[in-house]
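Think of it as A, B, C and D in the order they're written, each chain with its own count starting at 1.
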Amino acid sequence: MSVQTTEPTPSPAPVPAEKKANGLLWMAGSYVFSVLAAFVVGAIIIVALGYDPVRAIESILTTSFSTSFGMVETLHKWVPIVLCAYAFAIPLATGKFNIGAEGQLLVGATGGVAMGILLSDLPLLLLLPMVLIAGVLAGAVWAGIAAVLMVKFGVNEILSTVLLNFVSFQLIDYVASHVWPDAGAGHPATVPVGDGARLPGIGGPPPIHLGVVLTLVVCVAVWLWVRRTPSGFEMRAVGANPRASLVHGLRTSRLAGLGIVVGGGIGGLAGAIEVAGVHGKMLEGMQSNFLILGIIVGLMARGSMAAIPVVAFGIAVLEVGASSMQRTAQVPVELVLIVQALILLFLLLSDVVRRRFERRVR
Amino acid sequence: MSQSAPRLAMRGIVKEFGPVRALDHAELEVAPREIHGLLGGNGAGKTTLMNVLYGLYRADAGSIAIDGTEVSIASPKDAIDAGVGMVHQSFLQIDSYTVTENIVLGTKLPGPAWRLDLSDPREQVAELSSRFGLHVDPDAIVEDLPVGVRQRVEILKALYRGVGTLILDEPTTNLTPGEVDELFGSMRTMVDEGLSVILITHKIRETMAACDRMTVMRDGQRIATVRREETDAEALAGIMVGRDLDDGVPEAAVIATGVVEDVEDVAEVVESAEPLRPDPVDSGAVRVEGLRVRNDHGVEAVRGLSLSMGRGEILGVAGVAGNGQVEFAEAIAGVRQPETGHVWIRGTDLVGRPTREWLAAKVAYVPEDRDGDGVLPTMTVAENLVLGSQRSSDIRRAGLIDWKEARQKAAEAIATYSIRANGPNALAGDLSGGNIQRVILARAFAHEPSLLILHNPTRGLDLRSTQFVYEQVHAATAAGCSVLLLSEDLDELVALSDRLVTIYNGEFVGEWARGAVDQVAVGQSMAGVGVER
Amino acid sequence: MAEFVALVLPAMVPFVLAAQGTVLSGRAGVFNVSQEGLMVLGAAVGFLVSYSVGSNAVGVFVAAAVAGLFGLILGVMTTNWRLDQFIVGLALYFAALGLASLLYRVAVGTTLEPPLIPTLESYPIPLLSKIPYLGEMFFDHDLLVYTAFVLSGLLFWFMYRTNAGLRFRACGENPRSADSLGVNVARTRIVASVLGAALVGVAGAYLPMVYTGTFTEGMVAGRGWLVIALAFLGGWRPQYILAGAAFFAGMEVLALRAQVAGVGIPHQFVLMLPYVATLVVMMFAFRWARQPRFLGQNYDRESRLAG
Amino acid sequence: ACGGESGGGDEVSVAGIFSGPTTDADYNALGLKALEAAEADGARTGHSESVPVPDIERVLNEYVADGFSVVWTHGSQFYDATAKIAEQNPDVTFIAEFDGEPENQPENVWVIDRNFHTVFYPIGTLAANLSSSGQVGYLGGLSLPFSYSEVHAVEQAIADSGKDVTLNPVWSGDFNETVKAQQLTTQLLSGGNDVIVTSLNLGVVGAFKAVTQKPAGEAWLTVKYTDKSKNGPDHYAATVLYDFEQPLTEILESIESGERSGYYQMGFGKGASVEVSDAVPAEVRTAVEEAVEGIKDGSITVELDQTEPK
């Protein structure tokens, strides 16, 4: 049979390098566009309220870079944001929404602080790893509740992780006011952990705690895991099509559960690092708004584990800068939230613009 | 010939999707009371043209006239108002609604707005279904219905709205031969009642059987419109493929065309070719014993199947959809846990083992539902090809997946399987159906399977792609692979199988050796005739 | 018992209103996650308007309108521009939170004498409230309590007993199918998003109008997030939402009662009870815990991918 | 990283850091009011509000870098961070709040002891004399040591009054949660408590809502920090009134005269007072006034007991 049945491949020869560069340019461009646009709208509001927009925006953009502690604080904020972003993004790779990073952070902090207080006399080399590992394990176990409920009982993970956050608030309140309370703190807080539980600082003053480096390592490890290992690939496959993954031998529900547990472990690590690096104890409110920031970073990174640390840095700069905006220009704090919302919305809008634009040039 | 205005005239239709020009000044004319075939290879633009007509896609240029008046169709609502109805390639139904609810959805109903009263529509549905021979239970929940019935629901949806022009996009791919005949009967009734029907299909035999005229499309353009009386199957196939068939006849083309003239011919053509394979060796390369499997609803769908296959043997399984094929295929692919029974692959009983061990034992499965079970739409072709072998040592360096290597292999697969994709990094979801199937086949064959399970592997594929699949199957059997072919296309089964069994109600009810297949008997056996219950 | 019910019913109201709003959007396919922000905004706007106009009714309507405006933004951005529902929702959460505080600051500023509005009077229903025992329990509440229940009933009727409801649900179950039958998916979703958000706003306004008479920033205290959990608990159906809210509010009231009675367990564990109990209930809830097939997924007519 | 030696003749500059919004008409608004008073006295001022505990160190550092000579953190949850930053910036003077007297107080830190327990004693006297059911409720937010000390002080006052009255403490878990406060108060009332001593911020508004369901005279409520009688004038019994203007002014004066460290205990006449409603029977009011006098002249010592009650 001689009919030639193979079609000539229409091969629009792949030009990956150029395409990649183009994509990066677009990505960077859209971030810049949205920040600019949000600032313009924010400035209009600031003027309308009778404040000085130039000073306000200047302090948003420069606080992180103009003083050494600004940079330190930015990096220290970057750490939990990145980790909470992973706590959200890793389960999302399998299509599951972990809205429980703050609970996992708090329980992780509880695990870390327990080690740091109970074994406070141990030397750093022993105690610090134990604090961090306890944090990871506690966070993983906490998220594991949601994972088990999901895998074994089909409980929606959004529901369970949200509820577990509320449980964790009470839990740490109990720990901070009954188990190891600090009587003078005026706030639910535990007594300080031993010196061996503190992450050493580098540089300074003020020093950057070693958790920043640790987080960088986590970033690389997560990227490698998700992109390069079989189990990471399996997780992404489950996210892309659970049925097809099942047919091709993947244990889908177990992988989805694993995603949540790993995410929880990383959330727990965030808590342990906050204890060991920043506060030296556990206190109510230490979760700040890292949950929402983490979700936003995770979503803005659009599934790319490599983009998370970068986007998180941008958000950390914004957070630090925006909260000092009220100090320098006496602009009300609430505007910070509005500017953040605007940046997000404009970032999304830049996608619409991009789609339209690409349609036209093609 | 027809002095009155055509029922439908589409002129100069252009539609672009980014870089892809799907329709390039396409033309289509359909007369009143006509069944009009729309033919063409995968990606020719048939569905796109019909989506434009139905208002799902907005054309970049062109005009549409119905009964001589130009209409502007910007949404399905406009199309419905203009008397156009469409049965889509994949069903568009609300799974949790009843048949009646699905049918009346979007229409005005008699009675007050604050009360949903479905008694009138119910009767209307019942009346329509008996008038056109489309039997359905108006109160059944559609997700519980077999595909053939869901197909009828789709048609009833259009009829209920009082269509003048009914589009059927590849309606026969889901139907058994008997159901196809019923459908064609219903179509005739519709035409007799004044409707025009546009029938899209890849099967030349069907167009020759059902259509009055046909339009052939290629690359988004009309190539020709011919009357049935003025053409024959070979000529049509030639137009579609775009070349003369004189210099060689692909098997798929033979199946598609020859049957039309005379059922016996295919068998002859195929049998006259010298035996395709040596006799099966090592009979017992695959053994199945006493397999019982439940379906998703907990009902026993496979009821004690046993079989034995040799190396290089192709065992065809003929049956009407819904007789346990999916459960059977999934059970011997290791995807579904059977209730009882054994499956020995080259001597090892794998029942009870997890799916990945079946994969390791070189069982490859090409599922029927390629979008649902086969492909990772948001991932790249390279990643899709890795699925299932992500832990194999050939693509791992130091425990990590070597994506460079994987992309290299994907590029090779793209070349050997002629996958029309923009390189290994193209997203699988962007590929056409035929190309997705090629990716799935490439993945299956890359396992060098010892057992290959193919479920409707050429459904919806054009001649070239179909031929390609057959060639790959022959190559695999030559390498000693046992192939289990489950198909609803009897011609395909007859042409390819060394042995043919029929499945009915979860049991094998008949068996024929190659060359001794009596198609009438097979048809009866599939329908359960002569089977004691 | 009578007192228990009398406590539970008002406690249910913000949950019921906001969860029904969430269900209303969700059944059309729009997954709103900005409830927490919209409730705060509804509380602030409802309070400020009531205070300056002197009418709680006007306050409720303006709160609904402002929250509805946010729903409109969510609807347009996700249906017309097909932006990710989750991200838009979170952005709106931030914006609403910020706007609420900003409005209050601009209108009231720093003072030691915060403005007060009269809270809603209870409105005994004639005749029904005279029924011994039951009357006091069920028919002697403020108007928003009745509204919440009547609204739930109407929503149920609309979704399951009208032709419009059939079309409406189709947009969340399979928008492509609905679209192919001439249902205007975009419009349905936008309207659902607006009305749903408006209900969430009313739920927020309920807090200052019934509980406090004044606005404070933290007064929503995470209820907006719980509402999302409640929507899942109720399987996105109005009738189960009512049951879920009753269960949740009941647990909350019981937990507080346990503390007052001095059960001797640290109050933190008592306060956990509603959440833990909900999780336990969910373990057995697979029967009803369904969700709309296309919840949270945008529909693009010309795209071949599922969404 | 500090803004140069502050010379003798320089203007004073004070920064205030608040944990919540200054629109709360409560603790943070009191802080801003004090700061505004300092501004009226000629100081340069600046402030940050809604500063969460995790951000406090950065905000402190920023004010130091901005060259403020005095930085005040309003809220005892900020004490540790303030002490830490103070040690790193010996040229700047800090004012921090605490419950009790801290150990290892740095050289450049002034401590304001809010002394809640002492001020709650007269409230205990009031409750003991006002209650006719013999049941008094205490409604707190977070179960913090200072809250426990208030409970013990109220119990001490009840015991001293010689009345047969029991105190039932409960906590809502949040100082600003109005809804839980409302529900808890309702339940306390139905449990027979007729005087509710609250130690809340804005949550108290919910408690008012609950008491006003009862006829006037059958249920009473006391509040903390600012006068909130408007929420229910007929049920309002008393306020533990706080005012940070006086402590801040006095401390700033001391700092100007070179005293860069000290311990300022609030109390009657020193930023705190008890205000009793006219609706409260005269003999009860007299008892409260006597208690206040007793504390002032030292005849009553209120014990600081921060252990968990019962």
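What to note about this one:
What we mean here is this: contacts are C-beta pairs under 8 Å (C-beta built on N, C-alpha and C of every residue); 3 or more make two chains touch, one makes a residue touch a chain.
Please read these numbers as outputs of a predicted model, since none were measured by experiment.
Considering every other chain in turn, the ones in contact with both chain A and chain C prove to be B, D. Between A-B and B-C, more contacting C-beta pairs join the chains of A-B.
Taking the mean Cα position of each chain as its centre, B sits at the greatest distance from chain C. Chain B and chain D have CA centres that are 76 Å apart.
Separation between the centroids of chain B and chain C, computed from CA atoms only, is 46 Å. Centroids of chain A and chain D (each the mean of its C-alpha atoms) stand 36 Å apart. Residues of chain D in contact with at least two other chains: 21, 143, 173.
Multi-chain contact residues of chain A (touching two or more other chains): 170, 173, 177-178, 333.
The multi-chain contact residues of chain B, meaning those touching 2 or more other chains, are 377-378. By the contact rule set out at the top, the touching chain pairs are A-B, A-C, A-D, B-C, C-D. Chain D meets chain C in the complex at residues 20-25, 29-30, 32-33, 143, 168, 170-171, 173-174, 176-180, 182-184, 186-188, 190-191, 202, 205-206, 209, 226-227, 230-231.
Across the interface of their complex, chain D is touched by residues 63, 67-70, 73, 169-170, 173, 177-178, 181, 183-189, 205-206, 274, 278-279, 283-286, 288, 320, 323-324, 326-328, 330, 333 of chain A.
For chain A in complex with chain B, the touching residues are 1-3, 5-7, 9-12, 14, 16, 224, 227-230, 233-234, 236-237, 240-241, 243-251, 358-359, 362. Residues 18-19, 245, 247-251, 253, 330, 333-335, 354-356, 358-359, 365, 367, 372-379, 383, 386-388, 390-391, 396, 399-401, 403, 414-415, 418-420, 422-425, 464, 467-468, 471 of chain B are the ones that touch chain A when the two sit in their complex. Against chain C, the residues of chain A that register as touching in their complex are 49, 97, 99, 145, 149, 153-156, 158-160, 162-167, 170-171, 173-174, 177-178, 292, 295-296, 299-300, 332-338, 340-342, 344-345, 348-349, 351-352.
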